[in-house]
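Structures are listed in the sections that come next.
After this come two complexes, each holding chain A, first together with chain B and then together with chain C.
Right, the complex of A and B next:
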């Protein structure tokens, strides 16, 4: 007899309540995204609901924004998208490179270091982003140095480290010491064993961490809101400055591109770590 | 033969990551140092003036509002997260499980602006909800749900829900089947089993999830900024206003320290609570 948390038979109030609350949860999670997607296909200029007609005109607008030079705006959408992608790419590479050896050390090293390090690398997860944004801004201002894109990369790296590390540790946990010992007893040096045996086995977790870092950095708004300058600004900041007074449908079409990219990447992460580790 | 890294080796392996997190630690220290600076604009001397200046009704209201909204949002998010976790763990089809995972996770990851657009379209004066209610003849004039506490609350629940669901999912997975079967074979109803068996067994996971959700909501910035406008001055927004129009850096740093302290108190208290209650269960 299997007793589920969610009874499958009968019309008990318990089952009804659980399903009702779960449905409300799903609606709260998904409705904003669904409405943005529907409204992006609207043919009208305003964002009243329901859209009178459907069209793809805002999508053509977005494509035009990316392909034609717009002399009016100070910071073009192309520049901020390129910056966003570049930042996300650097953040992804740095955070993964530093997390792989750390995850190895935590899995094979001594217990006390492990506990301390795990605590240290959970901190950015619970630290208020506003304060972090202000603190990094204060430091950047007092340094009086033009560090260009790094003023966004450095805080983003700190922000994504907990996520990347969790994925790498999850990958390390699945690798038994015996595999490594086998490589060493066959004559490989310990470093060679790590490079040729452990890292290939960690591949799925590393990839999941890479993608996680990419999406978090690409979508980050709060810290970047404090750190951006006229020269270095990201796509979320561009969207904010465009919609601060009113919402126009072409931004919604742009949002749909972002939603689709995020969904594809999350599905990819979920596939990579399916059943073996927790998302965070 | 067993592979275990020597202490220097393991420190050497950790070094790159520690260097990467150093700017973060530096930022934490810097904000603390600035909060006890005697000058408002630069770090100079020591004084607790910045903290004393914060003892105003305005800032007190902001702290109260932050705690209230974060608390209510946490309670509602937990009430929705437990059923979602049950649903997620009892889904048999991998496709359905994947769809639900993505639906729940997306709000945490997705650009907060896009989600704010969604709420504006849903709750705005000519938005989905108002149009629907008007078409049904329930209301005549649009009800205002945006740029007040309702809108912010919904946004907070939505963005913090994934932080509640996934830890609960992992504690539900660790739940022993025997306990549930025992309760059921002894004739306990579903509700009875839920209250007397499931919740006590899940309690450490529930408290842990709730404390993270609370910390996340208390320090929210983008959601109150975008959905609350100027009217809902949660601490995150109030701190930004100290910097942006007022240039009161030390005041913002002091307010930040208060916010960090509040969230830390909640986190420490909840981990203490978990320790105490799990000892009781074991003993």
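Right, the complex of A and C next:
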């Protein structure tokens, strides 16, 4: 079926209503991005909207932040960016390693167990993030030892797991037991059958889950706000602390960089999985 | 090779799922190179039996002897039986060639040999030149053949098929049955096929095994099963048979529908029997010429082209009759007609 961008059926009132609702919806969801993007091109020192003049000065500022050593800041933007990327990367790896076997076991196992487990892994989603942050902080403090970057990685894994798991289970649902048995009947050991048949067929779902993990972990603020230390901090924390001291448009320019990276990532993966799994 | 040339001996195999007994002491001897069809209604245990042979299920009791070796405890991937699944279960992420070569790759066959074997099999299944296509680009019949080629590529001692043709449309299915039979004879591989389609089973089998409720009801060549069914279930399941009550009137004679006919029966006089008559074994004769024959009224009439299908009510009992169009008298619904029964084609069972 071909769906046009604009409604062509129905009378004019109906078309007008549909268009109006769609426009409002798109505006609301993209308004923050639009405002931030426009502001980042501001030529003035404050964040008054709309900006009186346009310039690229804040972008040069951001580039300078990354290229020049900032002696004033205890934790430079470069360090937090590196930490953010490292955390996101480790979270991606761990959640995938956990979720592939878990999804396999749940999809092939008892239906009731599966529903219960899915609910259990979804709990971090419905838990208030502030409470979750406090809980993880209490746990981390009670350990009485420095676990470095892991104090951020572990909460992120808990947060990301339901998304990755759901994508992996979704991917598993499309793989019949017979496909696996076919490989076994041809001489593959059960593990070999999973490696040769199940994992390649799950690839789209795994990829979608990985991107989720990356984006959620990279953007996570609330729990990280409880967990960060002087030595281990992420980019969102750095941006927040900067906006608290002085809200200048350089933070907004930095946001635009992040937004562009996110969009590129999503488009790339969407092309890569091409309808074989759902990102959202 | 053993003296009886039994390839697979299914020795008293039973299987229970919880309280449900899926198989009750199945005994079968499968000859080398034969084509065996496991036939039965759904839930009769035929697929369970096939999965036990393949090793995907373990028998609760009993043994499987392949060439005299007990393979009951051998894991499925060590058995090396080629299997074609109901869903075909082709690997959608691999090309046709990779699908067919998968078993060879696992056996560490060299790349060149894999390619030549794939080429050879594609020629056998008459689909040369599709090696590099993705399986998603194939039609139903082509997928079917690729699935068969994939299973045969590993030169399996046993070739197992689980209702492989059920997804095809009727015409294609007919063609595939003939092709499958020819392929099996070409390879000479011992083959076990599960089906619920009696026509398919008759078409393919050297040996027909009729299962019901986890028990073997009859195991013989298709002609015997068709003509000498072991019991009323088998008679009914293999092509619409009319089951009517009968009575042994004297030695070698039974009373059926009020007519005494000579019939091969070993039951003593007075025994109540049920007699099975196939629709095509009942003849029609005009009432005027039929003294002593059962007479009934035509209830349903349909010209099917080569033959005519009728339902005739005799003494309140509906009988299905199929007549050659050349021999069918001019009839209309409600007309009276007499039946001629053939005692040699009557199967009787203790009621």
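Following the convention adopted for this analysis, the second predicted complex is superposed on the first by the 245 of 280 C-alpha atoms of A that agree within 3 Å, B and C clash if a C-alpha of one lies under 4 Å from a C-alpha of the other, contacts with A are read in each partner's own complex, and residues count from 1 in each chain.
The rule we apply is simple: a residue touches a chain if its C-beta (ideal position, glycine included) is under 8 Å from a C-beta of that chain, and two chains touch if they have at least 3 such contacts.
Since the model is a prediction, treat every value here as computed from it, not as a measurement.
Chemist: Using the touch definition from the top, say if A:41 reaches chain B (first), chain C (second), both or neither.
Modeler: neither
Chemist: After superposition on the shared chain, which partner residues are touched by A:228: those of chain B (first), chain C (second), both, or neither?
Modeler: So A:228 meets neither chain B nor chain C here.
Chemist: Per the contact definition in the header, classify A:201: touching chain B only (first), chain C only (second), both, or neither.
Modeler: second
Chemist: Where does A:59 make contact in the superposed view: on chain B (first), on chain C (second), on both, or on neither?
Modeler: So A:59 meets neither chain B nor chain C here.
Chemist: Under the stated touch criterion, which partner chain does A:132 make contact with: chain B (first), chain C (second), both, or neither?
Modeler: Touch partner of A:132: chain B, not chain C.
Chemist: In the superposed model, does chain B or chain C contact more residues of chain A?
Modeler: Of chain B and chain C, B contacts more residues of chain A.
Chemist: Regarding the shared-chain residue A:181, is it in contact with chain B (first), chain C (second), both, or neither?
Modeler: Both: A:181 reaches chain B and chain C.
Chemist: Determine, under the contact definition given at the top, whether A:189 touches first (chain B), second (chain C), both, or neither.
Modeler: The answer is second: A:189 touches chain C but not chain B.
Chemist: For chain A, which residues lie in the overlap of the chain B contacts and the chain C contacts?
Modeler: Dual-contact residues (chain A): 181, 184-185, 190.
Chemist: Looking at the complex, which residues from chain A come into contact with chain C?
Modeler: 176, 178-179, 181-190, 192-193, 196-197, 200-201
Chemist: Going by the contact rule set out above, which residues of chain B touch chain A in the complex?
Modeler: 1-5, 7, 9-11, 13-14, 16-21, 23-24, 26-28, 30-31, 34, 43, 79-84, 86-87, 89-90, 94, 98, 100-107, 109-115, 117-122, 124, 126-128, 131, 154, 157-158, 161-162, 165-167, 169-170, 172, 175, 177, 180-181, 183-185, 189-191, 193-194, 198, 212, 215-216, 218-219, 221-222, 236, 239-240, 243, 249, 252-253, 256, 259-260, 263, 267
Chemist: Considering the complex alone, what residue numbers of chain C touch chain A?
Modeler: The touching residues are 54, 56, 75-77, 79-83, 85-87, 89-93, 102-103, 106-107, 150-151, 154, 160.
Chemist: Chain B touches which residues of chain A in the complex?
Modeler: 1-7, 12-15, 17-22, 24-26, 28-36, 39, 46-50, 94-95, 97-99, 101-102, 104-106, 108-110, 113, 117, 120-121, 123-139, 142, 154-155, 157-158, 161, 165, 177, 180-181, 184-185, 190, 215-216, 219, 221-222, 225, 235-236, 239-240, 243, 247, 251-252, 255, 258-259, 262-263, 266-267, 270-271, 274, 278-280
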